[in-house]
Structures are given as structure tokens and as C-alpha cells.
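The following pair of complexes shares a single chain, subunit A, combined with subunit B in the former and subunit C in the latter.
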Partner chain A sequence: MTIADPSARDWRGMLPGLMLIAPALLAIALLYVVPLARSVVFAFVDAEGGFTTAHLRTAIELYGRDVIFTVMVALASLALISVTSIAIAGYLTLGATPWAVTALRWLYRWPLFIPFIVAGQTARSFLARNGLMNSLLIDSGLMDPALAQSLLDWRGLVLTFAWKQVPFVTLLLAGAMASVDRSTIEAARNMGAGRLRCLIEIVLPQVRGTLLVGLILSLVTIMSVLSVPMMVIAGNPTMMTSMMAHRVTYYGDYAVANALGLFSYLITAVAAYVYLRMTLTQHNEGGR
Partner chain B sequence: MAFASLARRGAANLLPAVMIGLCAFVVFGPLTNLFLWAFAEKWFFPARYPTEFGFDFWHRVFRPRAGAWTSLFNSVWIALATVALSMALAVPAGYALARLKLPARAAIMLIFLLPQAFPSLPIFVNIAQMFYGLGLNGTYTGVVLVHSLPGLVYAVWIATAAFSAVDRTMEEAARNLGAAPLRTFRDITLPQAFPGLVAASIFVFLDSIDEFTGTFFVGTPDITTLPILMFNASMGGNYQIAAITALILLIPSIGFMLVIERFLKADVLSRIGR
Partner chain C sequence: MGVEALELQGLSIRLGGAQILHDVSLSVPAGSFTCLLGPSGCGKTTLLRSIAGFAPPASGDIRLGARSIAGLPPEKRGTAMVFQSYALWPHMTVAGNLTYPLKLRGIARAEREERAEQMLELLGLPGYGARKVGSLSGGQRQRIALGRALIIDPPILLLDEPLSNLDAAIRRNLRGELRRLQQRLGITTIMVTHDQEEALAMADTIVLMRAGQVVQVASPQDLYARPADLDAGRFLGVDNVVAARPDDPVAAATLGFRSMDARIRDTALEEAKGNALVRHGTVLDCAYTGGGYHLQLESGAEVISAVSGVPVAPGSQVCVAVPTASLMAFGTDQRLLPN
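This part shows the complex of A and B:
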């Protein structure tokens, strides 16, 4: 007994840590791992407990348009988010007018701290046909009253998602851009490159990884938020989140909701795969 | 000459000024809209702006039986209970992840990351179905548990960062002077990690106050929190009541924005996820 087995001693050394972390792990298992497993399994189980693809087929049949709509809205939002965040973060890093940089730094963060549900409500009344946005545009003479239209469709969703997520991605990007080596930028500037060219050709390639991480986290958020599509869009087609909630609250049909959930996992997984491939090729190029 | 240079400087400032103006419109336009609705007594089509302002709807929202006070108390109690539960689980877990020997530490960190890496709606739907079988739907316990899922994730990550930012040499000095492990933790480690743990608690509190999806599936119709009240008012066309509730929801969020930098110091922030 005096000579303890080394692996047993290792385990005994880990015992206090394991005991401290066990309750949190148990909570995650019960609140996350079990529901996750259920959501996948019950998408394929029929009323008798056998294997079936009927739920998947029903989901595609009834909600195929919504799945495509979701993907399109997500892509459009991500495009708007990337362009706007790159522009804001780029101006914060390379901007030539100090007061404007300070003002922008103070301004851009606000929506980050505003709950999605409040963003949904404010979009619902701001972007409507008689909403404040159209009123202001008409009164300032920028828009003909006859042209006023409601933006409460896919455009409203894209605008609301971008409004909420741009500050988040900008925060990540501006942080990454601040740590880019200034001397290469100065060198390019001295050789006559414009600020825009510096941003696109020198700064952006160095922060590409951060941008992708921000976009993937935004995609997960877009695929998870229920309140915004429910408040901004009435009728079809709409986001998958809204349809899953509809299926559960009106029909108590968890199976088809789970099948739809499977599609939302799949979309996120594809994005994660694209991210991994891109970072891996980057590593390979760096190795050569 | 002076005029020419002034004009040139004016032109150089014009573009940034237009850009900042546009940004201010995009950020504050929707929020102004919320304020207008909260104080609009009458705002009917075709009037482009409210025709009458007043506090009438505020009285109506805060009337004893209107439900706003109940939802406010529900929201605050649920958030406090969520903070208590999440921190009780996350402080030991964060300490273990930061300081103690663990098997497969990277895998454990990954497990605590997963809930943020995949869409959460199917999870909430299945939690609701499980809770239905357990009789937890429509109870405070059920809502607190469902709020603790995102809460626990934030709390574990920030607590781990907070504990790994604590100076190890001071702990070792205390142990060398004969302090017991528990006393070292209480007198040396905990005070240093405290600001980070407060930041984690604030995060969890806010996340619970703003939580909609989980409450929608697990709590309704028995438990009404502020977001649910706002959603119901908005869907029922009561834009004034929705706007007033939205403003109440904004108070903790904006307050948090103003104080967060005091609690979440850069040395903790840089350790998140390590």
C-alpha cells in the first residue's frame, strides 16, 4: 500500500477539482445535454417509438419556404453586419478626424445593451408604414409621402438583426484592429496608399479570423431569437424560430418542431465547417 | 487666405459630420420612437407625431391590478434566484477550472461553451416538454432553472477568468505563513476575484431580466415577467404600454453599460476563454 499506483495517485489529485465542478456539470447535463439529445432523437421517433423520417418530410413540406427564407435573411443580415462593422471599426482605427472618432466610439455601442425584445418592439413601431422613420423622412423632404412603405418584412428583420449585432462584431473587430502592427499601415500610407486601401488590403486580412468568429456567433443568435421575428413579421414566410414556436404552442407537435430544430443545427454546423476550413487553409498557408 | 483655409477645414469636417449624424439617427431614432410612444396620449393615423402627450398610460400601467408591478417583482425575484443558483454552481466550478488539476479540462470548457455555439430554441422547446412531465411548467422553479442555463454558461466563463487572474504568489505566501486552504481562499483569493464575480453576477442578472424565449415556453401563461408583459401588450396593439415596459427594461441594461468597466477589468477580460 505504500507504493501507490501512479495513475490512482493522479486521480486522487484530481478529486477535489472534480468534486467542485461536478454540480455545474450535472446542471449543464440536465439543462443542456439531455434536451439537446432529445431534440435530435425525437425528430426521428414516431408515436410507436420506431424510427421514422416522416417528421423531417412534414417539416420540409410545410416549412421548406421558411427554411429558405431563414437562410436568406441570415445571409443578408450577416452581409450587412460585416460591411457596417468593417466600416465602423476601420474608421475607429484609421479615421483622420479625432472628434468624429470619439463621437463614433461613444455612439456605436448603444444597441449592444438593448434587449432583443425591446429592439423588436422599437422596430415594430419605427419601421411601420406610418412609423416614425417614414414620418421623419417625409418631413425632412427626403421622401415623397406616396412612396412610404412598411419595412416590416424580411427587410425589417435584416435591419433589426444588424442593429443589434453590429456593435458586438464592431467591438471584436476594433479590438483586433487595434493590435495590428501600426508600422505596416504607416509604411503603406507613406507609399501613397489611401485609407480605404489600407483598410482592405492591410488591416482586413489580419483580422479575418476575428470577423468570422463574430459572424458565426451572430448567426447563432439570429437562429435563436424568437421575439424579433414574432414581433416584426406577421404571416408567411417567416423565420424557423417563429415556426417552431407556432408548431409547439398551437399543435403541441414537438416532433416536427424538433425536425425543424435539426435544420437550424445543420445551418450553424455548415457555418462552423466553413469557418474551420478557412482557418485551416490560413494555417497551412502560414506553414508554407 | 484665412477664409480659404477655414472653408477647406469645413469641407474636411463635413463628411464625418454627415456620417456621425447618420449613425446617431440609426442608433437613437428607434429609441426616440420608444420615448414618444411611452408619453403619447394620442397618436392616431394620419398624425405623423403624437397629438397629445401625458402620463395617463403610466398611471394605467402602474395601477395596482394592471399587472406591471407583479411582472416587475416576478422579473426581479427570478433574476435574483437565477444569480444565486448560477453563482453557487459557477464559483466552485470556476475555481476548479482555474486552479485545480482536472482530467480533460479543455473538453469541460468546451461543454460550457456549447450552449452558446448552437441555436438554443430547440433546447428550450425540449426543456419545456421535460418540465411539463415533471410539473415544473408555470412554476417559479421551472423559470429559474431555464434562466440558469445561459446564466451558468456566462458565470462559469467569467468566474474561471476571474480566478485565474488572482496573484498566485500571495496565496502561496499565506499558505507558507500557516493559513489553512479554506482561510487562504476566504482572505486572499476571494477578495481578489470579487470584482470579476460581481461582473458575472451582473451579466447573469441582466440576461435573466431580458430573457424571453425560455419564459415563453416554460412560464406562460402562469408566470408573467416584464418581457412577456411587453410582448403581450405589443401583440395586442397597446403600443404605449409596450413602450413603457420597454423603457423599464432599458434601465438595468443602460445602467449596466455605465458601470461594467469598473467591475470587468482588462486583466480579467483578457483571460476569458483560457
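This part shows the complex of A and C:
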């Protein structure tokens, strides 16, 4: 043991560090990586233990429409969430009526504290054909009773997801907007930009990273919530979560459920990639 | 837009429950360079912001040319302000910062880009258009902020301590540059500063402010030679204030003068009496200041600062003389006496 191998020495140098992070690594491996890998692997394993794409094909055949539906609902929800939270956060930042700003600041947060299952149930009784919304519209004479229709389809999902996620994204966004250098806003107004242009052309570009984070976290939430589609939507197509639960509870078919899960991973992985790329570009620009 | 005059009439401003400006009236002639001078916290920035529309007046009027602008939102006023922090838009390039005000005015892209090029030329930064704002030095940012304000050809230019964030050397350069640019463009300019030297060097008219009020409006020469009261004098470098005596050449309660006007004489030579203020004293301290010596001397109960060409040993008895022309006479109310 007189001539030490350089690579072995490197390893020995790293050992204390490795031991320090070992518990964290172990927890991540056991709690996240292993189950994830297992579910991915099981999507490709047949009854005899061999490789197969049969589950994937079944999933696409039976649930292809649901996958597309899920993507469309998620995109529509994200669009509605962005527009609404930009509007609210923008008003909180640039609003000229102090009492309205204060009122809004207190009001916008409360859906944060309502669980998804309650939101789903509320949406169900609010958006149905003879639900609260239609009753209000008809009673106030704003709508002809014959025109009343149920919104308990993709629209109900989009509205419920947005209702639940807007406060969260607004919270992030309003915080980021509040820390934008105020004089950059004043400079734009001084140069002739109205409030709306200020919001879109000066404030928003400075907080777009935060908006993206909010939207990606919302996407992951939308992809994983089971209670809302179960409550709001009766028929087909529906969200993938609903279908995965169906597959597992009624058929005990984990393989196809895992294959469906694969699509969820893919969708969120795309979002994660976009996010990482963007933060890296911003980081590089900041470093320059 | 042409160059326009600005008129403030009885302007009062309250912010967060406190009265910041008290009944400020001021008229700024078209094409002039006016400095708002005063100690920190006296309300200079607030006054400038109220002209730009960021501090609503509690009472009074602001008129630009023939029209009142006090009721207009900032984006309708057409004033161009350069912020103390420059407030460049970090998500845009240098050219983006310069062209955005033109875009807001609906000017076509080709013309916008051409005018940005010309402006960069004028600012001495040709070829900087594609740069990120974050990659500029302080002085360069300052110029871009100025260019962004000038590019819209505004009727009035408002500058909030534009040079205070820069190194002394760059500051002195930019001072002259800014003044020449203003004279070349003939644009009505109001500049805020707390630096009396800067105000004296640049302004046509200086507006001296204190605690939210205008104390004096005068040309740099007048302000320097005849400050309105003792506090104004102190702010403008009058560092000696002595009680007047009957045999002094000017009748007053107190007399003020700057130490550079107070010269040490030999005690023997006392022919100066009659056209100079003369005091005897003991030298407390003598410090070399480059080119001369700065003395502190004790004369009775008063301490006087003076300058001398030669060193004087502490403890020696000297005589200090100040020519009558350099004396400022203040009354018992501390206001300058008419002469």
C-alpha cells in the first residue's frame, strides 16, 4: 500500500462528503427514484417478465382521446390562469385606487385554503344545468331559461383548476412584481406608456421567470389531481388521472395504468425541460 | 414639440400624511437651465416628481407653456425625466431602451432605429445599440438614460441628481458635457442636486430649497455672493460667522465670510482697517491643504477659519483681514441685509 492509485485517493477524499449527503440521497432514491423507475419499467413488462409494448398500445388505443383531452384541458387552464393572475397581480402592483387594491389583496388568496375535493364539489353545484350560476343568471333576467346549459365538461374543469390555481400563481407573481424596481415602471409611464402597456411591456418581461415557475407547478398539480375530474366530469373523455384510477380500481391493471402514467411524466418532463433551459439562459445572461 | 416654459403656482404636496412641499411658486423660462439645490430630504425629488406627475399636488397648479398639466396622468404630460437610479429597462438592449419611447409614439421601426443610432452618436456611444443594459458602466448608463429622455424631443427635461452616482472625475466631465448638450438643444431643463459646486457650475438659475420651501431664486453669482440668510450662506460655503463690532466696515448683527477670503496678515501691518474686517487671534491649528495652509484661530469666544500662504506655528498671535467686498451682513433675524 505504498503506491496509492490516484483515483482511489480521489475517492477517499470524497468519502466524508458522500457520507454527509448519503441520508438525503438515500431518501430521494427510496422515495422517488425507485418508485418512478419501477412504474416506468412495469409499463413495459408482460406477465412472463419479458419486454412488451402491449400496455402502451392498449393505453393509446383505449385512452388516446383522454390523453389529448388532458393536454388540451391543461393548456386551456394554464392560459386562463396566466391571464387572470397577470391581471390581478398587475392591478395589485399598478392599481391607482388604494381601497380597491387593499380589498383585492385580501380577497384573492382565499381559494388557496380550500381543498381540491371541496372545490370540485362546489364547482359541481355551481356549474350544473340547474346549478347556482344558472339560477342566478335566470333570476336576474340575464339569461333565457331555455338556454341554460351545464358547464360540467371541459369548461367546468378549466374553470375549477383556474379558480384553485390562480391565487397561488398570483401570490408568486405579485411578490415578484412588487420587487421590480419601481422606477423602471415610472420611467415607462413618464415616456408615455399607459398602465396596461407598462404591465405587458415593462413589468411582465421582468417577472416572466416567476410566471413560468407558477405555471409549471400548476401544470404538475393539474396533471395529478384526481378529485376534480371525478367530481366535475361524468362521461368520456376525461382526465388521465381519472382513467388511471379506473384502471387500477376496476381491473387491477397496474401495467396499463403505468403506461398512462408514462404520458404524464412525458408532459411534465417537457415543462421541466423548458423551465430548466430558461433558468439557465437567464443565469448565463445574469452572469455576463 | 417646442421648448416650453414651466410655471409652478402655490404648489403644496402631502405624502403619507406629512406636508412635503409648502406653497412653492416658481417660474422657469423656456430654454433655461435651472437647478434645484438643497440639503437631502428638503423635497427636491418630490418637486421634480410632481412636475412629472408622480406626486399629486394637494393644492396649486403646474403649467407647461400655455396649458395646465397638474391634472394629467404621467404618461400624458410629455415631460422627460432622468431618474437618479437611471431606471433603464433591464430586459431590453440599449437600442431597445432608446426606441421604446418612440414606439409608444407610434413611430415606424425604420425611423426609430435611425433616431436611436443618431442619439448614440450624440451621446458618444456609437455601436452600443445591441449591448445589454447590464453590461454598461455607470457613466454609460447615465448617458443612455439621458438619451432615452431626449429622444422624444420633450418640451422639458427633468434630471434627478443625474451625476451623483458617478466617480468624481467622470462627474466633472459629464457636468460640462451635459451643460453643452443642453445649450445646443436649447431644452428647458430642471436639475436636482445637493452639490452646490455642481449647481454653481451648471445652472442659469439656482432655486435654493429648505424644508419644503423655496428660500431663494437667483443666478449662481448672486446666490454665491448674496445668500438670502445665514443658513443659505452656510449651505453655500460661508464657514465663518462672527458677531459684528462697531469699528467693522459694515454695520450688521453678524458678518459672514468664507475662509478662503480670510487672509492672515502680520500683526504689525494694520493699515487695512476701514476697508476690511480685522480680527486678532491665537492660532489653534495649521494644516497643509496643497497650495496653501488652512488655519483655525481663536479670537475671543469665536473660532475663525482662514488661509495663509505660509505655515504659522500654533500658539502664535496673528491678525486676519477680510475685504469688505467678501463680507455678508446679516440682521438680527439672520436675513441678509440690503446694501
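Going forward, the second predicted complex is superposed on the first by the 244 of 288 C-alpha atoms of A that agree within 3 Å, B and C clash if a C-alpha of one lies under 4 Å from a C-alpha of the other, contacts with A are read in each partner's own complex, and residues count from 1 in each chain.
We adopt the following convention: a contact is a pair of C-beta atoms (placed from the backbone, for glycine too) under 8 Å apart; a residue touches a chain by one contact, two chains touch by 3 or more.
Quantities reported herein were computed from a predicted structural model and do not represent experimental measurements.
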So, after the overlay on subunit A, do subunit B and subunit C clash or fit? They fit
**Prompt:** Looking at the overlay, does A:W110 come into contact with subunit B only (first), subunit C only (second), both, or neither?
**Reply:** first
Message = Contact-wise, after the overlay, does A:E186 reach subunit B, subunit C, both or neither (first, second, both, neither)?
response = second
Discussion item. Between subunit B and subunit C, whom does A:D139 touch in the aligned arrangement: first, second, both, or neither?
Written reply: first
Of subunit B and subunit C, the partner touching more residues of subunit A is B
* To do: Tell me which partner A:G194 touches in the superposition: subunit B (first), subunit C (second), both or neither.
  => second
After lining up the shared chain so the two structures overlap, which partner does A:S227 touch, if you call subunit B first and subunit C second: first, second, both or neither? first
_Applying the document's definition of touch, where does A:P205 land relative to subunit B and subunit C: first, second, both, or neither?_
second
A:I21 in the overlay: touching subunit B, subunit C, both, or neither? Say first, second, both or neither.
first
When the two complexes are superposed, subunit B comes to within a least CA distance of subunit C, in Å, of 12
Residue set of subunit C touching subunit A in the complex reads 52-54, 73-81, 83, 85, 87-91, 100-101, 104-105, 132, 134-135, 148-149, 152
The subunit B residues in contact with subunit A across the complex are 12-13, 16-17, 19-20, 23-24, 26-34, 36-37, 45-46, 48-49, 88-90, 92-93, 95-97, 100-103, 108, 111-112, 114-130, 145-146, 148-149, 152, 156, 209-210, 212-213, 216-217, 227, 230-231, 234-235, 239, 242-243, 246, 249-250, 253-254, 256-257
The residues of subunit A that touch subunit C in their complex are 181, 183-184, 186-194, 197, 201-202, 205-206, 285-286, 288
Within their complex, subunit A touches subunit B through residues 10-11, 13-14, 16-18, 20-21, 23-25, 27-28, 31-36, 38-39, 42, 88, 91, 95, 97, 99-100, 103-104, 107-126, 130-133, 135-136, 138-139, 163, 217, 220, 223-227, 230-231, 241, 244-245, 248, 254, 257-258, 260-262, 264-265, 268, 272
